[in-house]
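Paired with chain B in one complex and with chain C in the other, chain A is shared by the two complexes that follow.
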Partner chain A sequence: MVELREVKEKLFMITSLLLAILAILPIFHILFSIFYNGLPVLISAGASFLIDPPPPPGRGLGGIGPSLVGTLMLALISSLIGVPLSLASALFAVEFPDNIISRGVRVLSKALLQIPSILVGMLIYVLMVVPMGRFSMLAGSLALAIMMIPYVTTYVEEALESVPKTYREAGYALGLSRTKVVFKISVSIAKRGILTGILMGFAKVTGETAPLLFTVGKQRQLISIDPLGYTDSISLLIFDFIQTPYDNWHKVAWGSALILTSIFLSIFLFTRNLTKRVVL
Partner chain B sequence: MRRVALSISDLTVKIGGKEILKRINIEIPERRILAVMGPSGSGKSTLLRAINRLLDLVPGCEVSGRIRIYDTEVYSSDPYKVRKLTGMVFQVPNPFPNMSIYDNVAIGPKMNGLVKNKKELDDLVKWALERAMLWDEVKDRLKDPPSKLSGGQQQRLCLARALALRPKLLLLDEPTANVDPINASKIEEALRGLVESHEITVVFVTHAPYQAVRISDYVAFLYMGELIEFGVTKEIALNPKHELTIRFLKGEA
Partner chain C sequence: MRAMGSRWSSISLPKYDRGFYLSLLPLASLIFAIFLALAYVIASASYPSISKFGVGLFTENVWRPSEMGEEFVKYGLLAPLYGTLVTSLLAAMIALPLSLSTVYLVEEMTGSKVKELLSTAIDLMAGLPTVLYGLWGATIMIPFLRDNVMRPLHSALPWVPLFSCDPLSGASLLSAGILLAIMIIPFMHSLIQDAYRSVPWIYREAILSIGANRYEYYKMMISLIKPAVFGSLLLGIGRASSETVAVTLVVGNAFNISYCIFSPGYTIPSLIANQFSESNFYPYMQSTLYAGGMVLLIIGALFSALALLMIRKVRKLYG
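Right, the complex of A and B next:
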């Protein structure tokens, strides 16, 4: 005799399973099409794809060297600007929760999480590109840093707040100063979460497009690491090439998409295995 | 004549305007064990946290009255100095999860500059772990994280961590509430050993009247923030004066 309760349970299981599959299907579809279309491009272009400049329209595959270097440099410089600021504001907000500035930090960092990235690009264009009279890697990095700060701040804040209060109490009970409690105990216990936040911020800005549209100058012919020079990013290259009628540029875009995805996935995997989990 | 190790006079604690402790007066000589008893919410933990000024961390907390640990006026001294005079063990075992067993014990003396070299530190760590009756169980795995220990062992590790500061006064907040009976009796044994041979005075909070009677020299009975009864354990156990104390000792309150 099958009971109604069991039927209901089975039905519920099957429904949620199907819905879960439906939800993750697009992700697999994206990954599949990127590998399906990108891998042949990378194989036929070879290692020079990572070094060479893009091909002329209609002929050959060339490479994405300048854009790849640009992407990495932009992510690096924006992290150098954004990470220390994020760490400082997160620590401040967690340590002095009642302070008016730290309340501001909390609210702003949550609000700015969802800021339309094109606005950030416009802001930097007005504040930096126009006065300096030129696009630059630095301008792009600043725009990316603005994108990154609320993200990393929120991440780090949550990591710090997840450290149970009892460890801080134990630290104070040992006569440790506030600085030591913060760094030897809170930060150290939360370090995995903090590092994850930083790397996710890094990963996020490697994929950003809109903040770079009118800040970096789309210079994709020469590899350059000059912070004040023009540069490019893989995301911009994809954005531009996919809109052209040239078949070989479409291929370059697919190959670039695979490179970008690989960067993203490797950061993700690296993060997951980076530090030993602190067992509470 | 023994010196007075801890003297609390007219201690009143308000948190957010609400009186948690009302005019508490307690005095105990050194090398004695004081058990603080009382039902939940009676202010026992607050009393402990007033002594080592962990209450400073609680927003909206006002303390009036005096507390002295030997010659140190707790509320007119630097709280960090006060905390170095006192060790504390908490209700739920909380060894630092990011440090090894060794480092958990070593961090206090290391950060407070109590030792000059590695040898002294090693000796101190061993001493503290021995006093906490944990040394034999962990001596071969000092580098392991504390999560590999059982809950009762973790609590003894916390005791060792507190002892490594060589405190004058040891505060324990229901140290055996979350450990099994065997570990609980080891902790009790360790406490007796400490007061008898190492010039430490112990204040511990407990829920269990039997435990209080078993190991303490003095008891304080708190109820709703008031000190209902305080005195030598034997006298109070044999002849409790107050109705509430009688009920609590019988296990009714």
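Right, the complex of A and C next:
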């Protein structure tokens, strides 16, 4: 009997180790393949890869300039819309926790995390693209902002809640108003966590694809920063190019994947130094 | 502070606080507006197709667009609904044992390098843009699975219905299920981990004090949080069913209902991703796609609500 138990324990340890390795093997293989396939492309295309428009099918490497600028502009505008709203709804939910509206905000921001990203694109299509009669960077940014709000809100809420109550009580004891306590004490103590949330939100929207499919118009020939004009993102370019039969477009897709991965990894490593906690 | 906050309803707030409250209120309420807009847009946009095709929209497998006239048009979403169900069930079933293993190692191997490596890898997996999973899945995972998993299984066990068809390109329900499993592991991991951490030390000490070994200990711990594990399975299915771009690249995109998991299929999100941009030109096509989105939304909402109830049950038990 004792032996059977020991065998079971050994078996359990071995299987769980093997399964865990199986679980994380893909991510390392994905990163490895992106570097392995993308690096030669970047080296042979040179710095102009970051500026030039994509090549015609079948010949040359060109670049991803318009898509890169589009990605950065989309992430910037969506952060400008999404971050203040996320901060406000997080502050609201943390400061007035037992109010019907804040309970609703909490539940709905969790629910918003679960909404299929493609539906957000379809929503913006009806609300903005159809009335305006055209795709636009602004429409894409709005879709991304909706993706970003629940995500950043969750991070900021956690950061604010981690501030010990005694610090706030000390503030009240000094006779500070609630607004002062919130901004001078809670927010300034939680600022690393809040910054992490904002950066993770930024990283998330730089990689999003589905909300942009029917909102930005996939204009990847000209660099444009016009918020009402058509634009593109790196993720859309990868999605489209890998589905074509052209070898050089596949190469461009891998090069773009390396650029996207580098943006993601640098934000990831930076925020990891700020704090250690990650929410989904 | 929290106890006081409960008494300060919006009416009896002190003067300073009321200003603060009122200035945050419109911004925070925006989230309600987003939901109302989503519900309204999806419902009104899908109404024409639902009223024209009735229940057949969800129980038949037809995709017959027509520019000629409305009488020739017929749509039925059964194939994408079936594909969504199969791929997300496959994904959740594969991801569950893997997530249980990673949770065990991260939670119980404290202080070791294994824990550090695993949690970094899982955080990376959670944040990696989904299109990169799709890129890797379409160009590297599919050929590997086709040559090393699907073909051998098909030639060895062709009489098993699941393996009965020849994997042509490799893009199939199975490929989508496996890629989705990889993508939802970090999500399920963190849900199970949260529940696991909520079990008080007193229970752990009790289990260890009766002489349980590591296997028995973990088995009992998991049985203590069983509703939460089931809840995370449901949320995992919901997450997998709504994934778009990665699935579109690996599922094969064919209106196909087959027992065989090596055959290509469709999912609702991949159907939308493929057909939406041309759907303007055909009567009822766009509306049909919105109806698909509505089903996705309703199923997702039901699953999430059920899952959150179960997870809350565990939290109440120990919290």
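For the reader, a short list of remarks on this structure follows.
Please note the rule applied: the second predicted complex is superposed on the first by the 251 of 280 C-alpha atoms of A that agree within 3 Å, B and C clash if a C-alpha of one lies under 4 Å from a C-alpha of the other, contacts with A are read in each partner's own complex, and residues count from 1 in each chain.
We take it that a contact is a pair of C-beta atoms (placed from the backbone, for glycine too) under 8 Å apart; a residue touches a chain by one contact, two chains touch by 3 or more.
Here the structure is a predicted model, which means the values were calculated and not measured.
After superposition on the shared chain, chain A has more residues touched by C, the comparison being chain B against chain C.
Of the two partner chains placed by superposition, chain B and chain C are both touched by A:E169.
With both structures placed on the common chain, the touch criterion links A:Q243 to chain C but leaves chain B unconnected. In the superposition on chain A, A:V105 makes contact with chain C only, while chain B stays out of contact range. In the superposition on chain A, no contact is made by A:G133 with either chain B or chain C. By the touch criterion stated above, A:K184 is placed in contact with chain B alone, chain C being left untouched.
Shared contact residues of chain A, touching chain B in one structure and chain C in the other: 98, 168-169, 177, 278-280. Contact residues on chain C toward chain A in their complex (touch as defined above): 1-2, 5-6, 8-10, 14, 16-17, 19-21, 24-25, 27-32, 34-35, 37-38, 41-42, 45, 97-102, 104-105, 117-118, 120-136, 138-141, 182, 185-187, 190, 213-216, 218, 235, 238-239, 241-245, 248-249, 269, 272-273, 276-277, 289-290, 293, 296-297, 300-301, 304, 308.
The touching residues of chain B, counted against chain A in their complex, run 52, 54, 57, 59, 80-81, 83-84, 86-88, 90, 92, 94, 96-99, 107-108, 111-112, 145, 147, 158, 161-162, 165. Interface residues of chain A, counted against chain B in their complex, comprise 98, 164, 166-177, 180, 184-185, 188-189, 191, 278-280. Of all the residues in chain A, the ones that touch chain C in their complex are 5-6, 8-9, 11-13, 15-20, 22-24, 26-31, 33-34, 84-85, 88-89, 91-93, 95-99, 101-102, 104-105, 108-112, 114-120, 122-123, 126-127, 146, 149-150, 165, 168-169, 177-179, 182, 200, 203-204, 206-210, 213-214, 235, 238-239, 242-243, 250, 253-254, 257, 260-261, 264, 268, 272, 278-280.
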